[in-house]
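One structure below.
When the chains are written out, they are named A, B, C, D, E and F in that same order, and each has its own residue count from 1.
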Amino acid sequence: MFKANTEFDIIGMGEVMLRLSPPAKEKISQCETFEKTIGGSELNVVSGASMLGVRSAIITKIPQNKIGHFVRNKIRYGNVSDDYIVYDQSADARLGVYYYESGAYPRKSTVIYDRARSSMCTLSLDELPSDIYEKTKVFHISSITLAIDKNLRETALEMIKRFHKAGALISFDVNYRSALWSEEEAREVIQSILKYVDFLFVSEETSRRMLQREGTLEEIMQGYVKDYGCKLVATTRREVISPMRHNFNSKIFYGGKFYEEKPYNNIEVIDRIGSGDAYLAGVLYGLIKTGDITSALEIGNATSAVKNTVVGDMSASSIDEILSVIKSHKATGRQDEMVR
Amino acid sequence: MFKANTEFDIIGMGEVMLRLSPPAKEKISQCETFEKTIGGSELNVVSGASMLGVRSAIITKIPQNKIGHFVRNKIRYGNVSDDYIVYDQSADARLGVYYYESGAYPRKSTVIYDRARSSMCTLSLDELPSDIYEKTKVFHISSITLAIDKNLRETALEMIKRFHKAGALISFDVNYRSALWSEEEAREVIQSILKYVDFLFVSEETSRRMLQREGTLEEIMQGYVKDYGCKLVATTRREVISPMRHNFNSKIFYGGKFYEEKPYNNIEVIDRIGSGDAYLAGVLYGLIKTGDITSALEIGNATSAVKNTVVGDMSASSIDEILSVIKSHKATGRQDEMVR
Amino acid sequence: MFKANTEFDIIGMGEVMLRLSPPAKEKISQCETFEKTIGGSELNVVSGASMLGVRSAIITKIPQNKIGHFVRNKIRYGNVSDDYIVYDQSADARLGVYYYESGAYPRKSTVIYDRARSSMCTLSLDELPSDIYEKTKVFHISSITLAIDKNLRETALEMIKRFHKAGALISFDVNYRSALWSEEEAREVIQSILKYVDFLFVSEETSRRMLQREGTLEEIMQGYVKDYGCKLVATTRREVISPMRHNFNSKIFYGGKFYEEKPYNNIEVIDRIGSGDAYLAGVLYGLIKTGDITSALEIGNATSAVKNTVVGDMSASSIDEILSVIKSHKATGRQDEMVR
Amino acid sequence: MFKANTEFDIIGMGEVMLRLSPPAKEKISQCETFEKTIGGSELNVVSGASMLGVRSAIITKIPQNKIGHFVRNKIRYGNVSDDYIVYDQSADARLGVYYYESGAYPRKSTVIYDRARSSMCTLSLDELPSDIYEKTKVFHISSITLAIDKNLRETALEMIKRFHKAGALISFDVNYRSALWSEEEAREVIQSILKYVDFLFVSEETSRRMLQREGTLEEIMQGYVKDYGCKLVATTRREVISPMRHNFNSKIFYGGKFYEEKPYNNIEVIDRIGSGDAYLAGVLYGLIKTGDITSALEIGNATSAVKNTVVGDMSASSIDEILSVIKSHKATGRQDEMVR
Amino acid sequence: MFKANTEFDIIGMGEVMLRLSPPAKEKISQCETFEKTIGGSELNVVSGASMLGVRSAIITKIPQNKIGHFVRNKIRYGNVSDDYIVYDQSADARLGVYYYESGAYPRKSTVIYDRARSSMCTLSLDELPSDIYEKTKVFHISSITLAIDKNLRETALEMIKRFHKAGALISFDVNYRSALWSEEEAREVIQSILKYVDFLFVSEETSRRMLQREGTLEEIMQGYVKDYGCKLVATTRREVISPMRHNFNSKIFYGGKFYEEKPYNNIEVIDRIGSGDAYLAGVLYGLIKTGDITSALEIGNATSAVKNTVVGDMSASSIDEILSVIKSHKATGRQDEMVR
Amino acid sequence: MFKANTEFDIIGMGEVMLRLSPPAKEKISQCETFEKTIGGSELNVVSGASMLGVRSAIITKIPQNKIGHFVRNKIRYGNVSDDYIVYDQSADARLGVYYYESGAYPRKSTVIYDRARSSMCTLSLDELPSDIYEKTKVFHISSITLAIDKNLRETALEMIKRFHKAGALISFDVNYRSALWSEEEAREVIQSILKYVDFLFVSEETSRRMLQREGTLEEIMQGYVKDYGCKLVATTRREVISPMRHNFNSKIFYGGKFYEEKPYNNIEVIDRIGSGDAYLAGVLYGLIKTGDITSALEIGNATSAVKNTVVGDMSASSIDEILSVIKSHKATGRQDEMVR
């Protein structure tokens, strides 16, 4: 299915933000320190996959200063190549910031964005090497990158076409954010690129509301394949019992078949941010390394479920850890309580 | 209902203590650091109400030293005026301290008080400006202030009378603490002031045991109105599933009617201290700002429920946060998991 | 039952390790700090019992350097005598280390050991005073000490015999660890010493698999008494609902009778390590101080249940705390939510 | 000298930023947490003065969200009134951020600003009550507020005129920042307002370079009085031995006389940010409360020197602390090492 | 010189307080956490000596609650026996508290005491075993214990006599604190016990002012021997360059000879509290273990100098560490920078 | 001078250890947490150089577990390639550990190693790709790698030869550690490889004592060129005023000329570990990127000096930061105190 002998397995493109969050369950309005890390939907995906074992890179643009160096170091820490980071040396260079407060019932978790006019918005194609399109099996992007800035959208759309033309498979996450653009604007843009998309990640709710798809969930998933030629359609289902307890499962449609397993219930949520991205990380890893849809689904589910138990946007699981979780998930009877 | 054009909406009177608690779930006998904040039943009430949006002040007495300055700063941080803080410059000046250890089943939470002979006990009326009684719509006090010291009790009783005479409504929280005085002593003192009380907060258990009221809960609540002329009687009900999981609801009797809503169940408790005070903060805010009993009850319940999820004695919720919690509480069907 | 007028109630013998664990729910592969404490099965037992109120000592060997001094200080902190600590002054002196990562469903807790060739392995009998065998009512050891090193095993076996001969009762915890030795090797060694054992702590699973005992649990427990002359056989049962929620109970066979009480369910687990050792601490304390099996069982269960709520290997409960937990556990009807 | 019977002693106007700094001596590019507080030149001045004992308020504009509530709480904590905080409810609302890394020789301290297009830039006069100009003895502003945004500059210039007209004395700090505007642009704007300025704070270097004043330092100081009618001119001198060791002194020209005292040498610098603002806080407090220039200078010097030893932008000293420092500074012979 | 075959080398008697201090250089009025440890002049002495290698115990009285258990654990951690801790079970039981803020020039360090009416004040002789007086070579006490409470003073004076009578040598530290009693009251009490004192620790300033001794320092020291029969008189000299930099040396008079060595200059002070007590710890250790005055002086000086570099009241040095510091102190020429 | 078109500029080979150190100035024997990072002489060199701007990799062997993943992530974070990390999957796999306590005068810093039998010792050539020798301009190693294990020594000696043969220049740091091997053993091994060494880093003291070189420092440096054909000889000089204050300078001999600049005096030392390695990082970067010896020396000195101010083994400086430090170091007259 995939292009052979590429330097990278996945290249993602997207904004990387500084993430600032109060320790434990403190409030933004009260805390005296912030835990400081980075996040961004596409980075989370490629880093999560790299931690599992593929090779990946991120296309992004960040300030050329100490904050930017922090981001660069953390991207590398996430096992992602920094080859395609563009450094913004302008006086206006800024890194987008988001503040995240983790909730406890009945206090919901909260996110405040301060990302307008970040360096990423000024990224242009000529800041990247011209041979980049040949370098990867998969190009991954989410609709967030299409939404945050008009110029960036043009850049991103052109990149999708170039990667597609160069033989990379296109992975696209329709994680619609109503704060960034209207349903109408999003629908028009997204419909225009679905014909390039090989791996489509979209929730049932977004399919129905923003993309105005109808029928059963299965019919909707089949519809993307029929209408746009997507190879694989994946949809996840999260049930939020409380901010600290979730259920999670997913369904994949591929090659005319539906794939599913029993849900992870009563996940003990430490940090829910990025668990959706971790699902994609697991599925893409599984597709690339095993080529088996059942494995990809299981790895995706487990990587997502485990991500909820880890602080920060980015998955930190090795494939060993994930396989052990899958084994326990499928096991019946008494199990070891600890890994010794 | 309320006096017009006052500088403050609520003035509270009570001891403010240094609160020292181990981080997270550590034990007092083992921890190497204490989290340091302040608390006191009446301060918690007026601060919680101020955070929601009224103007309030606290009458208290604290040492004139660096510990006292910490308290002053924190009172201001709680959006409470420091106009009526009296500073104790004597050699014996001391701030009461309490140690709080947060439990996990089957280990109960523990409180150790070291509050004897604090500066507050020496407060006298002539340390306060004579025009203070004209300055507020509501004067709030709890029975703790009547219990900790005999001289302070006399001062407090006189203040209740003066505020009442000046047209302030009297809010009284009968949070009986058996460690501070006997049921007999408490009953006598409290019965003597109920005729001044407009807003009475009392639990069913305290009504039955300490105040020896009989009948159904509804009859007990009606009894306070009939016997003492209270305008509003509120009672709360907390079910402790474990130190980390509570249910909460309340009932209000006002104008011949009972008010109630469905309980908050499975609250994910981070810090339970002050959640009762937060209920009063919400109800008083609601009465003053909306004049609507249903609103006051809903705001009280939500402010109390949310307080359980926040570290420290004092509520940190804005009215925006509380209204959003109420909206979710009443909603049916799927809701947003996060506030973005 | 016990020898009179001894200096110590219990002397344990075992390796003490440095325990390094990420704060809260962080991962070993990501965290920037380690919480640093000590642990070791036998130390946990004698320290837990001493915190409850007996006098105990530990026989162990640690490096004569700053890391060793840390261990010494912490052993003393745990109310255990340092009289029988042997200091290793050789160039090869090292303290065993273990890394512990606390899980959240579906991420399991993990332990990584780095204990090979620690100073403890070189302990020899002539490093201890010759009068040590007369000094205690109970000598406690676990099979871990028999497993980690062949020389140490010889030393330990000889000590069991000497303590037994000197009139101490032998307490033995068969906590079989498959990473340390095979079932066959363990079975042979353990069977050879059961005849010296007075208090036998063994799980049902280990009895069936490693020791190849058959029949009902009750029959197995009775079998140890019949076959080896053990005075008391205790077995615990932990049900792991998730890494953060356990159930716990135990059963004791003594004097021809079985003892049991209702389980502690839905324990809110903060740190599960050492909770098995805390059970032994409670039972041994109960036997020595009360002589009553029902009490010993209740204290054992409560000490174990509470240990789960406390960070670190070692129990930190006073007998006051434990008696209060037992009282709540047996109570019916409404209870105080907090200890004030 | 001052207007009588005003509600406030000083009203400042300026941007308040979120300050994020690595703990201790860590680097921005490496640290895992940020210490989180607020700062802003004018806020630092009015808060420092309020901590000493005057009443002050700040005119500023911040987002109406949890980050804004943090700022509001911290302003109150700094003993500054929140009466004139304007809340920005627009979708573009943002709080300026600055990152501060504290150095150690030879690594210099570093500041990175991310303040463009903050809510403060949109402040307009009609968002403030019309009676504000009557409310204060002193109006304080720095040239930073004139530099960051053209619209804000117009607002600020108009406010200077209105406060001046209403009888408030104008305090102006010419803390020129070359990153914000050119010397030419700054010179023109600042020269146009000097005729309204009563208390002028300006360094020798800025006088010579940006304002192109000539002669000795004394002649320069006298020149401002002669040319623009300033009442008091103050200039400070900081000698930076290393990032962790400074010398500090100042000179005031008032009523035809120069005032000075011996410098504070070898200040043990913990956090240098805001120590210049603390000088102004001390001088303004001294002028308002003592009316004595020698006292004002001594309090200014001591408050500034002590600020260097305290983490955060804002001075935390009470007047008691400052008087004790002054006493030691002037003392000869052996002194008590500690305050007991 | 010393009694043979005693269980302990030193028994101290004194109040143990909870010490609460802001982390690093934060202020009491601003910090959000306290570092929590224990301290007390006599405990510091006996613990410091025990860490070096003698056996010691402390006579003190503390509450029987979780705060008391913390103190007990920490005393044990300090290698001091808990055999003579008396537990106060009364409702009034309280532990004295002191708050300590560490300074940086020109901000002085500050101590605030809240120790009135602590459990220690109620200690009576019959709470101790009657054989205690036979158990030790040295009994150590400071004048603080004589000052804080009149009843406690009587108890202490009686104990001095009983220990003296039983053959223990009396070590007495005249660390006069003017906040606790007047010079006149102190002089009378102290003069009355000097005849029992064998090892006298007193500063030059206290000798001159409080005890009204005259002449050169050498004459003063000789005077104590002549007038009261003291065996050894030691006096220390601390020069405070700044809160973070001290010089230290000492002089001992014994057997008709003066002993002294070159001072420790430019000590990098992390925490100065308890460094005086550490001097005594070192001298007493030296006297007991080496019997050599030169050694005792060197160990005292080094233990005190090193204590300044360690957080907390109590010395944490092993004798190995101290001997290595002494070796460096005496060395000439190039030395190893680190201990590897 | 350097081989062209290589994938890496520098490949280092050496053990990477877990570094555990108490926070701030706490002691190993007392602290409750460890700061956790990694270090190793060769890694420090290649990471420091990569942070400045070259491309580098490290040859090392670590356990295949969560501790190993931590090391891998941190190596990547240090901008070093993980291509040549070998993962040890054996049951005996272990990571070397070292404990570091930072001193304050007169308490020296202390290092305790626990590195025996680490996974690194088992590295063999066939675990590395055969084309590795062609991949780099410079191969860097220190004598530590030759000392810790005999098998590893053989592996390392063979690698030196292979890299040399493939055209890489050999960089060698003679940082002799007497704890690891005798002077005799070291001398023999090191003398045998000097003929392969192009860049030799050796201190004057080691030259004289271990390598038994004689004459002036200049003669010694010239001698290495003459006797062994080294291209560049560098020697550093550190003067330790106290653990918190150092002076530093260096001298380079190259192409028949000596290079030197004025020393960095009164460096405010936060963490001294790795500052020697940072010197090499700077010099190697300078040689590779500028080819200018004066620049290499200046960058080396500045990178080393700055490293002392940063926590952890590894330099965190960008070339921008270093050039700014060099500029200040050379400047005369008044400079900006901060980088804004």
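By our rule, contacts are C-beta pairs under 8 Å (C-beta built on N, C-alpha and C of every residue); 3 or more make two chains touch, one makes a residue touch a chain.
Since the structure is predicted, the reported quantities are computational estimates derived from the model, not experimental observations.
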Margin query: For chain A and chain E, which third chains touch each of them?
Written below: B, C, D, F
Margin query: Give me the C-alpha superposition rotation for chain E onto chain F, in degrees, nearest 5.
Written below: 120
Item checked: Centre distance in Å when chain B and chain C are each reduced to the mean of their C-alpha atoms -> 45
Check: Can you list the chain C residues in contact with two or more other chains?
Finding: 24, 27, 29-30, 32, 66, 69, 73, 110, 318
Check: Is the way these chains touch best called a line, a ring, a star, complete, or other?
Finding: other
Margin query: How do the chains pair up in terms of touching? List each pair.
Written below: A-B, A-C, A-D, A-F, B-C, B-D, B-E, C-E, C-F, D-E, D-F, E-F
Notebook entry, point to check: Can you name the residues of chain F that touch chain D in the complex?
Noted result: 24, 264, 266-270, 302, 305-306, 308-312, 316, 318, 321, 324-325, 328-329, 334, 336-340
Notebook entry, point to check: Which part of chain B faces chain E closely enough to touch in the complex?
Noted result: 20, 23, 27-37, 65-67, 69-70, 73, 92, 94-95, 97, 99, 101, 110, 112, 114, 116-117
Next item on the list: Going by the contact rule at the top, pick out the chain E residues touching chain C in the complex.
Entry: 66, 69, 72-74, 76-77, 79, 82, 318
Item checked: chain F partner contacts - residues on chain D that touch it in the complex -> 24-27, 29-30, 103-111, 113, 177, 179, 205, 238, 240, 242-244, 272
